[in-house]
Amino acid sequence: VAAACCWAACPASLPAKVVILGGGVVGTNAAAMALGLGADVTILEKSTDRMEELVARFGTQLKTVYSTQGAVEDECAEADLVIGGVLIPGAAAPKLVTKKMLPTWKKGSVLVDVAIDQGGCAETSKATTHANPTYEVDGVIHYCVANMPGGVARTSTYALNNVTLPFGLAIANKGWKKALADDAHLRNGLNVAGGKVTYKAVADDLGYAYVPADKVIG
Amino acid sequence: VAAACCWAACPASLPAKVVILGGGVVGTNAAAMALGLGADVTILEKSTDRMEELVARFGTQLKTVYSTQGAVEDECAEADLVIGGVLIPGAAAPKLVTKKMLPTWKKGSVLVDVAIDQGGCAETSKATTHANPTYEVDGVIHYCVANMPGGVARTSTYALNNVTLPFGLAIANKGWKKALADDAHLRNGLNVAGGKVTYKAVADDLGYAYVPADKVIG
Amino acid sequence: VAAACCWAACPASLPAKVVILGGGVVGTNAAAMALGLGADVTILEKSTDRMEELVARFGTQLKTVYSTQGAVEDECAEADLVIGGVLIPGAAAPKLVTKKMLPTWKKGSVLVDVAIDQGGCAETSKATTHANPTYEVDGVIHYCVANMPGGVARTSTYALNNVTLPFGLAIANKGWKKALADDAHLRNGLNVAGGKVTYKAVADDLGYAYVPADKVIG
Amino acid sequence: VAAACCWAACPASLPAKVVILGGGVVGTNAAAMALGLGADVTILEKSTDRMEELVARFGTQLKTVYSTQGAVEDECAEADLVIGGVLIPGAAAPKLVTKKMLPTWKKGSVLVDVAIDQGGCAETSKATTHANPTYEVDGVIHYCVANMPGGVARTSTYALNNVTLPFGLAIANKGWKKALADDAHLRNGLNVAGGKVTYKAVADDLGYAYVPADKVIG
Amino acid sequence: VAAACCWAACPASLPAKVVILGGGVVGTNAAAMALGLGADVTILEKSTDRMEELVARFGTQLKTVYSTQGAVEDECAEADLVIGGVLIPGAAAPKLVTKKMLPTWKKGSVLVDVAIDQGGCAETSKATTHANPTYEVDGVIHYCVANMPGGVARTSTYALNNVTLPFGLAIANKGWKKALADDAHLRNGLNVAGGKVTYKAVADDLGYAYVPADKVIG
Amino acid sequence: VAAACCWAACPASLPAKVVILGGGVVGTNAAAMALGLGADVTILEKSTDRMEELVARFGTQLKTVYSTQGAVEDECAEADLVIGGVLIPGAAAPKLVTKKMLPTWKKGSVLVDVAIDQGGCAETSKATTHANPTYEVDGVIHYCVANMPGGVARTSTYALNNVTLPFGLAIANKGWKKALADDAHLRNGLNVAGGKVTYKAVADDLGYAYVPADKVIG
């Protein structure tokens, strides 16, 4: 991150090139900060609706590209920093960055794999810690700290609290069955109940039978 | 210019890359419009003060690079559109783009040489007309129309009028000698008087003796 | 478009006035580019929700007006450029610009009718070609090239590919009936099947009986 | 000012049109606020350098026009609000708005003459008070409160203090003669000393002999 | 509002601090204008989705905070201006600002309670008029004019007309029963019909039996 | 810096408050980056001209305050991060932050003293190294690494090269005396020549006699 200190301050040099895989929550906020520091930022995304939203928010300052294997290869090969933010809720992250790509990347470039808590979106990603956060593969520095939000404990706590408190209150006031019956969002969050796996992606991924939440609450 | 119609409209494709040689009046306005259309714009410039001004105006959306021969080669080789706006008032434009560079450019890329009225800033530039504006060299389309502002006659007339009218009024009211004596800007504009060349760059370039304007007005 | 070259560059003159009929995809992207070039841009639109989205994206720099016949008359009479982008998917475009309006427009103003592929949104519009793109009616230059995206072939191809490829893959992998049964968006795109017209606007417009897509797939 | 409350909030209506005479300190800050509220703002200015600075700061969102009598007439006739901010330091403000223009203005439009402390820039301006701030001429509401900054006493005090305190300290520490001798800006502010008028515009305007400040300090 | 005149114009002083309760239509437009005038603006809001939309529109220039009683207390105590825009359609506004909070606020700060038409969102709010708009409680100036849009009659009329005209036309053309049957939005607007209260919040609030609109339309 | 990762991403929490002492090169670029990350940024500055430039560049998003001892005390006491960027070229930095202020600051707040190479602008600052960069005084973490640009070696090298190369070429081509005689900027950079101190601030600070550069070159 030290290198970031001069992105905005050095008009005589080209800005760092940041490539972000996935335009969801992780990718959008990474883009906001990288653009804020003056980087040249490209997001690879498959949803054209999402791309329209990104353009509406950031204007043409942000580059958005339809994500294909070819686009991942071309963009990452020129990047100073690649941020992996491709998550499929509850399932293993897809391996967009293969081992074979790395030798084509710039020496000393950095891969931050935010998808590491779901297994990572690079074949070469393995979880690291805040104490020992990085390792190198083919000249590419990997930063794959598990539970990254844990590094900013205070802000994470507020953020998590704000969105979960209403659910907690509902469960406490109504009991869990009625709370889930009344609120589809809370019901969607049910993973296991009465010995049944009620979250489809988890059931599929781990080889269990899937039972819809409604059946269990009934 | 037709291709511009989709720069802003196609979030799924990378924007066109525009490289501008020189960050003066021509380059700044070209940058304003290219950025407005959503292009990826880089200005090559030698003055760090000028680069600071460009960053203050356009923010980090505009890339600015210190102009060296290497930077011209690297940037132009990746450009879809190169705009030459390097002018040395009164003197021949420097030939920043050499004949040897062109084969390294993208096929079908475009060079707009706004410096053509001073001889052009590419070795391969030669003046063309609005009727027959382009020609091709090594796969690079050259647009080198002499007197480009003539293509937007109404706006050019207003622009020119606004800045020259005060000088015309001063000359009419005071006579030329007093008008020039009173106003350094007008005096700086004197090229020839009493058979003497009073503009240094012109005198040097054409091999005449240079006589400062003060001497002639005296 | 030549005139655009000085919009941003001439602070001493008023910007060109661009009026856009319809704030959908065509109108929004036309607005983005016209604003980017420094024009004074007004969109006429009937949906207040859409107007809110436009204000959220462009801020107060873009003028939005509720579209009535009176507003169309007033705004177009002062415009340098009118862009017609009012499309009703599958049906003929409404004739917002009548023949009687044209004499009130500025001489030499330009009408670009992007709705021409659906019949145009001006009574005086008729399809032209890239080879011979314009004609004049009552001093207003009409640009009504059919299939305008064909003029920027490379970008159009990428744009179209990105959004249609997933459908093509689904049809190839599942067969057309199952692909349409699984995906409401694809099903909505079905126009004719088994001799039945399955797209309501087309059926209504051409006088055929309408059969919902579900019935045909069944 | 009440009308301003809906400028930004009503995407269905055209914004108010604000015309500002003069692009100096008054005009620039008036423009900043009017643009901030979503108005359609035009500044009339004679200095092309100043117009460039305004464009660099506000972008193309602000319209700038070269100020001629014709431009003043045309722009004011369409305005909802005209702000007069044309000041010649120490001298009477020029009468850009003549009595004959007013009948061509919109009924109910407003003229705020910030130049009133120097006599006003409209022929029909005469000083009013915060208690009784407005009067009407030919359907145009005139707001010509003398010493307008007095209406925002706290902010004005801070603003004035910050810029004048260093001068006060210098005079207190060095004595007035040495303080003025050391600082050209302070010296420029000397109006009268030893019975001589040392400010040229005041001397010329009131018919006194002008004595440069240096002579008096000597 | 006079104080606003120097927000943008005085770089040497801190901007006014504006706190907005609720990020809906009222709060968003209040924020747009306060930001436009250069104020330091914070919105308190309970919906994280809405907060995301606000950040997407205004960027990080707008501060958004999750609304808790503690946050209301902390933010309002430092504000120069508090705007109450918390409305629950058809029901009494919640009393976010209690009588006990006021003594902790800055002396001379201002509370504008836009929710006054639903009873106000401060315990100390009571409706005032344009003729006599303010009163003071514990040093806090309350502005609680009922029907604030009535103060900008022309703009309000256009705004209201644009959104209600299509409903009026539908009722006139189809009769009220069919018009309501065809359009869920219009049906949602039905308050009373055939002696039954068909709007739930009103029925609950006033102690009447609630009958869904569908039942009445039959 | 880790905390920065959530500034832009957490609309539900207030942004970090960054206070910057001095609006020169260090302060301006620190502000650009902190604003880019979504922080609430205030610059304390004594030059009103400089404040105008900062407002013109950053708009009202940046807070600027006239720097007095009181303002430094008030602002720093509420800051999460204080950046000291007050440099007097060639002389010791003024001690704006006194030892007595620190206990009033937030526990865990951070002071980055970029002025450390000139002695630092806090009484408690002492130079540290990249290996061991921080220490704590009264709960305030001090980051006072000497030669901070050395941490971003590649960018610093380019930046330095671009501005110094023209001087090096001039000295090589003309000899140092003529190069300095021809160029006031280069001459201003002369510190010591022929045993004389030719830089006034250094001479004053270290107690040597000052000899103007012209005298030595002559």
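Letters are used for the chains, namely A, B, C, D, E and F, taken in the order the chains are written, and counting of residues starts over at 1 for each.
Everything that follows uses one rule, which is that a contact is a pair of C-beta atoms (placed from the backbone, for glycine too) under 8 Å apart; a residue touches a chain by one contact, two chains touch by 3 or more.
These numbers were taken from a predicted model, which means no experiment stands behind them.
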item: Chains touching both subunit C and subunit D; value: B, E
item: Same-residue or different-residue interface between subunit D and subunit E, half as cut-off; value: same
item: Distance from the mean Cα position of subunit F to that of subunit B, given in whole angstrom; value: 36
item: Between subunit E and subunit B, distance of the C-alpha-averaged centres to the nearest whole Å; value: 53
item: Whole-Å gap between the CA centroids of subunit E and subunit F; value: 45
item: Residue list for subunit F, restricted to those that touch at least two other chains; value: 7-8, 12-13, 32, 35-38, 48, 56, 60, 66, 158, 162-163
item: Inter-chain touch pairs (all); value: A-B, A-C, A-E, A-F, B-C, B-D, B-F, C-D, C-E, D-E, D-F, E-F
item: Contact set on subunit C toward subunit E in their complex; value: 48, 56, 60, 66
item: Subunit B residues touching subunit D - in the complex, by the definition given at the top; value: 32, 36, 53, 56-57, 158, 162-163
item: Interfacial residue positions of subunit A with respect to subunit B in the complex; value: 7-8, 11-15, 35, 37-40, 42, 48, 51-52, 54-55, 59-61, 63-66
item: Residues of subunit D that touch subunit E when the two form their complex; value: 1-10, 12-13, 25, 29, 32-33, 35-38, 148-149, 151-152, 155-156, 158-159, 162-163
